[in-house]
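Once you've had a glance at the structure underneath, I'll fire off some questions.
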């Protein structure tokens, strides 16, 4: 090996200086009357600074880059050999920032996938490969008084798939009705940081799928609906039948610019509603959404429009 | 344990008889003056045959099902206990056939996935869980004279994903220009069988992606095309540029029922072709396909229609 | 509702409905896939296997006693958690349903334990699982599944009536 580059660290802060050295082994330095080294940062030559002879006879050439201004720099050490430059070694230097603390961490309990899905915002780009990990204590422990103080020893790591800023914690790692502390850790070569801890009860952030809504045709048994009224029927999303819910109905004439009219709350025991005050011979779009209630929960999306 | 069913084998040939026995342990047979057993095949009762006392004091009740006619049978042994029937044990019997030899094995070398994709037909349903495995020798061995005699010791197993009748052998297991023996094994509880062996050279079954075809606008430099003629240009699929190919062009008036007119072979060096004999003011659909040539290969699919 | 917060009672009722729905799913699959539809045909086997049925006397309408009911409810759920765990390996078709039932039963037990702690009535030492029945064959695990699911449904029906009584504003 003729020459080798020594870097104090392969990763530095963007904008900081960098000092590197190129060690020329004795069996190489006899090549010319006087060993001459040329440094290149990327393609540009960079004047070397000092040179000194080491005990073992090899020579150390040092260079300082005053200010690293790009996230990835290729530093090469060339030996002048007759009329040519011979590249002896090349080192890659990464420059960036310590990770910013992830923020806006929010979670939803999804009953379809039976998992707690959390997402966050990574914050400004650190220009360095950064690993995000969603963290939460593994077990509920008797005596933990159900608050979010976490024992550091048993932490579950949820690693998102590449480049994603969301992660799903599967059902078997969840106590659905207990407080759990949850946060995101960001880590790169220049440091580690954490988002603020979120303290939540998975079921209290359950987001249901929309209900199914349909209009009841006038039937001989039931009294005919009043003029300008419509008999509606709905059914909560099947997997959420065990959850007490309240729902909201909105309707809007399909043509024109009228905004939505809101009707609610409709409790999930009723499942039927006579909607009145409708304009005659006007096509309407109707939608419904539900949420866990009186226990806390998230509103479902609006159901697909029922057009009448 | 009160009672246990003994089966000679959990899997039998469809249509064959089955004899099973229910062993009633001594600590259970004291329950009534005389132990009475009721057999059920599925939900239907089945008269028991013999009964005998064994040395250890337990009683063996035997039943014979003359002809197993469904692929999955639940056989239950009940003890009459007062006015109720108590289920003591239940056994699942599978009935089917040994696997049929897979046939119509064919393979294509896919340069996009860089793998040899083979597919086959499984043959009639054996009614039993059957595992299909694509098999080929692991290595080409110097001196193996490039024919398809396979040494049994080093066989690569390609296991298709559930229920699929195709499997892909990745590039690192292939010698693209050597003969390789390849076959499919089918195995279930009643036996094992093999498809006939295919002997092929992966590159000789390469299937290319279609070329790209476009019409050249009349340009000042080049001579204007003859009336009723069209200057076409094409480019073979980029990853196959290293492969010598011949191509075929087909064209057809877009309206009416006229069949395709075929033009070829067009060698892949030319890349340009003046197509004449076209009807004036008639919209045409043109398509092209290519194959490795003169070395063997498979025709690509026709390119998407170029409509002019 | 006395010392019990309304939200705790509402959560318990919700969890009970969930565990009952899970139990029904397990029973339906056992019946459809393995023709094991009648627990009354498995009484003898249940005795032989020694499948315990936890007491719920303090929740019965005759002797309704809130704290006693909570304690019995928790130790009963804790026992069912162990029984369901002992059924592991029941069959590929049933495993997902059994897992969900076991997870929801465990969550329910934790919810009650947490509330007992908040009321300062939780025993100092958390309960430990006793010896469970040994299911030595696939059939015994499935038959055990029928019996455990059926017993759990009756257990919850009694508890549901009791807690609904406490939840009345």
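Letters A, B and C name the chains as they come in the text, with residue numbers starting at 1 for each one.
Operating definition for what follows: a contact is a pair of C-beta atoms (placed from the backbone, for glycine too) under 8 Å apart; a residue touches a chain by one contact, two chains touch by 3 or more.
What you see is a predicted model; the values in this text were computed from it and never measured.
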By C-alpha centres, the chain nearest the middle of everything shown is A
Chain of greatest Cα-centre distance to chain C: B
CA centroid of chain A to CA centroid of chain C, Å: 38
Roughly how many whole angstrom separate the Cα centroids of chain B and chain C? 46
In their shared complex, chain C is touched by residues of chain B numbered 1-2, 4, 28, 31, 42-43, 74, 76, 78-79, 81, 84-91
Could you please specify the touching residues of chain A with respect to chain C in the complex? 114, 140, 142-143, 145-146, 171-172, 175-178, 203, 241-244, 294-295
Which chain C residues qualify as touching chain B in the complex? 34-36, 40-45, 48, 136-137, 139, 142-143
Note which residues of chain C are touching chain A in the complex, please. 7, 10-11, 14-15, 17-18, 20-21, 99-100, 103-104, 106-108, 110-111, 113-114, 117-118, 122, 126
